[in-house]
Amino acid sequence: MKVDKKAIYDAADKLSNWGRWGSDDQVGTLNHIGPTAIIAAAQLVRKGKVFALGLPLDEKLQSGLFGGRWNPIHTMLATGTDAIAGNQDASPNLRYADDAINLPCQCSTQWDALAHIFLDDKMYNGFDARLVDSRGAQKNGIEHTRDKMVGRGVLLDVARHRKLSALPDGYAITSDELDAVAIAQKVEIRKGDFVIVRTGQQEACLEKGEWGTYAGGDAPGLAFDTAYWVYAKNIAGICTDTWGCEVRPNETKEANQPWHWVVIPKIGISMGEIFYVKELAEDCAADGVYEFFFCAPPLNLPGGCGSPINPQAIK
Amino acid sequence: MKVDKKAIYDAADKLSNWGRWGSDDQVGTLNHIGPTAIIAAAQLVRKGKVFALGLPLDEKLQSGLFGGRWNPIHTMLATGTDAIAGNQDASPNLRYADDAINLPCQCSTQWDALAHIFLDDKMYNGFDARLVDSRGAQKNGIEHTRDKMVGRGVLLDVARHRKLSALPDGYAITSDELDAVAIAQKVEIRKGDFVIVRTGQQEACLEKGEWGTYAGGDAPGLAFDTAYWVYAKNIAGICTDTWGCEVRPNETKEANQPWHWVVIPKIGISMGEIFYVKELAEDCAADGVYEFFFCAPPLNLPGGCGSPINPQAIK
Amino acid sequence: MKVDKKAIYDAADKLSNWGRWGSDDQVGTLNHIGPTAIIAAAQLVRKGKVFALGLPLDEKLQSGLFGGRWNPIHTMLATGTDAIAGNQDASPNLRYADDAINLPCQCSTQWDALAHIFLDDKMYNGFDARLVDSRGAQKNGIEHTRDKMVGRGVLLDVARHRKLSALPDGYAITSDELDAVAIAQKVEIRKGDFVIVRTGQQEACLEKGEWGTYAGGDAPGLAFDTAYWVYAKNIAGICTDTWGCEVRPNETKEANQPWHWVVIPKIGISMGEIFYVKELAEDCAADGVYEFFFCAPPLNLPGGCGSPINPQAIK
Amino acid sequence: MKVDKKAIYDAADKLSNWGRWGSDDQVGTLNHIGPTAIIAAAQLVRKGKVFALGLPLDEKLQSGLFGGRWNPIHTMLATGTDAIAGNQDASPNLRYADDAINLPCQCSTQWDALAHIFLDDKMYNGFDARLVDSRGAQKNGIEHTRDKMVGRGVLLDVARHRKLSALPDGYAITSDELDAVAIAQKVEIRKGDFVIVRTGQQEACLEKGEWGTYAGGDAPGLAFDTAYWVYAKNIAGICTDTWGCEVRPNETKEANQPWHWVVIPKIGISMGEIFYVKELAEDCAADGVYEFFFCAPPLNLPGGCGSPINPQAIK
């Protein structure tokens, strides 16, 4: 489809979930998940195998391309070397190590909160963008999802489907391709699912030991038309192994991240980025089972526009 | 029992798991959890109800009593007010908010890594404490547990058992009392469990709207003798709603946090602190079911001596 | 004088320096200092005695009363204990310590930049307040003053003049009193001066070892009418030993910090706060010389709305 | 001269200032500056011209080559866009911007404290290196110099003397060359001086707009033999426009930064790095005057192993 400002606003009109779950709703498509879905998802734990989808926080993937983000800074407040030096032995003593972490919420494996992206002057459910100021997000903050990131997960391994280690930069994954992959993988997409799309781009960086322009440069990713797919499927969350989910260069020069303009502010979907899916994908390919129990709690950060996470896929 | 340095070293000798899972093991009692236990734990998801056990990160509980920790600092890197001001409209534009979080790993709801506490010159499994220096923990870092914090959770609601809203400061919960509570609650403690003990202290602070000396002062908590209980039960993790799990004032003046001296470095147990359990406890009291699926992934922080978390209890 | 919104806007009209030094000026009253004044100021170095006016950054004066500021966080990136442990001895080796500091620019002894305070929608020289966004100040940032904080300093020791160790909270220092103190001290206020007013409040906190509500609560300080004095005297900078220079409770309930509304945005004066002046004041009282060479360079922080400083008064 | 471990320890023996100013001295060669020198230095203010030697803190010079340092992080706590949005208008209101800065003390223009470098197990004046732990430096911290960085400054412009815009990487500046430059510049080095050596390397980076390996890679700089010069001249401080003052690659493979091993721990000299000297050097070349009043106060950071600074050279 042709992507331009008009296409963006058309999609915004057609795919709006504003008001769907009440005028004060702040979790959007996570409403698609009900108790029954959670109970059913738990039944997918059949092998007792856990996959951690959080990239190690010492990977230096932030390259300054976007928004002043930095790589996580891990500092120590107390160390074993202090302990051995006898510096903690004032009575009564305790020998210990302590540490701290300072990181942008969007710098590595993360949830974007619904407060993260605006369409013109509004965010999801029609809230005024000005409700997100230097003190944080008064509406649509990540804290509202603190007990919502639980349900059925489905991996759509587009790279493997294409028999590629990684899709090339600029490769746009369409709705049709998502459907084709699901069919090939013999997995059905259901209401309330967390769908994880694998492009292989991240694993290529890890293999090379170089992140290059991963964080903000060109990438394979979802085509703009998948906004319709995301809406129609009534999924709860959409995640990828890339920096920004959607294809880059974008399909238009009239907007930066045109798909984002629609899916977060209008559909109200929780978006997961920079997911590490190597072992999960290998396991799915090996046993042919692409569904699993998914549990990816954000930090309970009031007013947060995102959260670093270590999502768990459990088969 | 009489608690002194001798009692500490006696317990350290008797309760050592060093070498039990090989000389390079770095996850300790999390080895008690196997695939079968995970599959069984998933069966505990019967109501499809999720409880988030992470305290909101804007609670100002750090009071300077211990170790230079600070309250979480949430700052914004981009805001809706910037967007509305038109400051993000250079073409192609994207209107968005971004943020960052800076926090001690031990400042709110958290896992302690096995690198967090030393016994003399060693940490869990006999590793030299000097392996934890200003660059982080080369051994026993939290990253090793990134896919291990999944299994059966059990709440032992000691405060409710005692018919108190909160146990008083200095109240020492013994092994016998833990057993009595389990019996009263009709729940069995099994190998590989994550046991969460509720004292009510945190809820009292929340109700008062004042943290006082919660972070490092007096508190109800586990008696030293429960180190034996923890070891004998072969549990995977031990968690409380207090700052430091064990009773304060400590049962001896010869050591600060004597129970810590044993349970982390020698038993190798993952310890969860400052868990928020109000709604979970109310639900357990209401339906009489004190077991649940537990999923509490740490951030994948290489060399981390702990991690902020938002544990999920799913019934 | 009666202080209300009308008085504020009257003063704003009468005391405006907008355009006085050109439409792109970003340093305001620092323009009052010329080469001749700097040369003359250097002649005030007669004893070769240096006073550091920066409060130690480990003082915990931030109390949460205002704006999410925190106390400085000093962390280590490498330590002597690491060195002694042998952890820095990979060849070729260097044994060293490194550290980092994280602090609000306004948390301790500091300059306020002209970008710090707005009057309605504008900042100094008529620049739009929207030029200060999450990326910093595009106009009136502290970097423009990087070579301007040099000249003649004058201490007006109001507390000592009143024979008090500290003026009481709520004590409003008027223009008349400033003049009276100058006369009593036999010191003339000249164009381009940095005037430092001593209330004694800070020393009282240091003596008690308690900061209480120093940072944002009641305080002695400059009366609103001194805005006229500041303007008429053509001084370059105005500094005090208090948190916010002006008297608190403020002289009106119609505005928070009414004097700030005028002196930074309209007069364009550099304001120094939380100056530590104990020894300087004692020395001035002892030798009767209240003037000195003043050098208080801010960090060269582009877009900064302030800067931590350690001002030097040299007699 | 041949540089090896033996040469380092020989120099350490010959150039020791331990005990010279008493067993508790913590400022080393800053003791060379007395009141008379400060008074005389003030007389060098003849033109009333101020040069700010602090590099802008938004230059991204840290490249990960050394020690986990990061580029300064400037974040906003309140903004003009918030103000314009009306978000600060709760009564009584104040429209303002606030910010924060997070930076390694050694990441840009900086003083190294005497606690920054160790020789074996000791730091300056024989203090045990273990006194510098995760809580900071208990001895030789930067706070002791808070009123000491004032005196006569001298620029030795080696690059201009060599008629080069920048000395090449690996260029070792010897004692003889320092003397030759001083003679050519007609400036005498005196006891208590702050000597600033210009290589031009930094300006080359600024001109290219690329920092490359400036922070930790090859560089022109002081030869090891200048440790003798530094000691013999009784200067107070030594500064350069490079990352680490001394020539890189170092003159030996047996030590990293061999000159540092001696000059900080044994001579006890305050070392300034990453000084921005372009305009100062141009002015000195133009008027032939290479001496000036120098005032470079560190932040008053107790336990600091360094401090970001914006040194002032005043002619």
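Just so it is clear, A, B, C and D label the chains in written order, and each chain counts residues from 1 on its own.
Operating definition for what follows: a contact is a pair of C-beta atoms (placed from the backbone, for glycine too) under 8 Å apart; a residue touches a chain by one contact, two chains touch by 3 or more.
Not measured: the values here are computed from a predicted model.
Novice: How short can a chain-to-chain path be from chain A to chain C, counted in steps between touching chains?
Specialist: 1
Novice: Interface overlap for chain A and chain B, more than half of numbers shared or less than half: same or different?
Specialist: Chain A and chain B contact each other through largely matching residue numbers.
Novice: Once you find the CA centre of chain B and the CA centre of chain D, what distance in Å lies between them?
Specialist: 45
Novice: Approximately how many whole Å separate the CA-defined centres of chain A and chain B?
Specialist: That gives a centre separation of 26 Å.
Novice: Return the residues of chain A touching two or more other chains; collapse runs of consecutive numbers into ranges.
Specialist: 68, 75-82, 84-85, 87, 100, 102, 130, 133-135
Novice: Name, in rising order, each residue of chain C that touches chain B in their complex.
Specialist: For chain C paired with chain B, touching residues are 60, 64, 70-71, 73, 76-79, 81-82, 85-87, 102, 130, 133-135.
Novice: Using the touch definition up top, name the residues of chain B that touch chain A in the complex.
Specialist: These residues of chain B touch chain A: 34-39, 41-43, 45-52, 54-58, 67-69, 72, 74-81, 83-84, 91-106, 109, 115-121, 123, 128-137, 143, 146-148, 150, 250, 252-257, 260-261, 293, 295-306, 308-312, 314.
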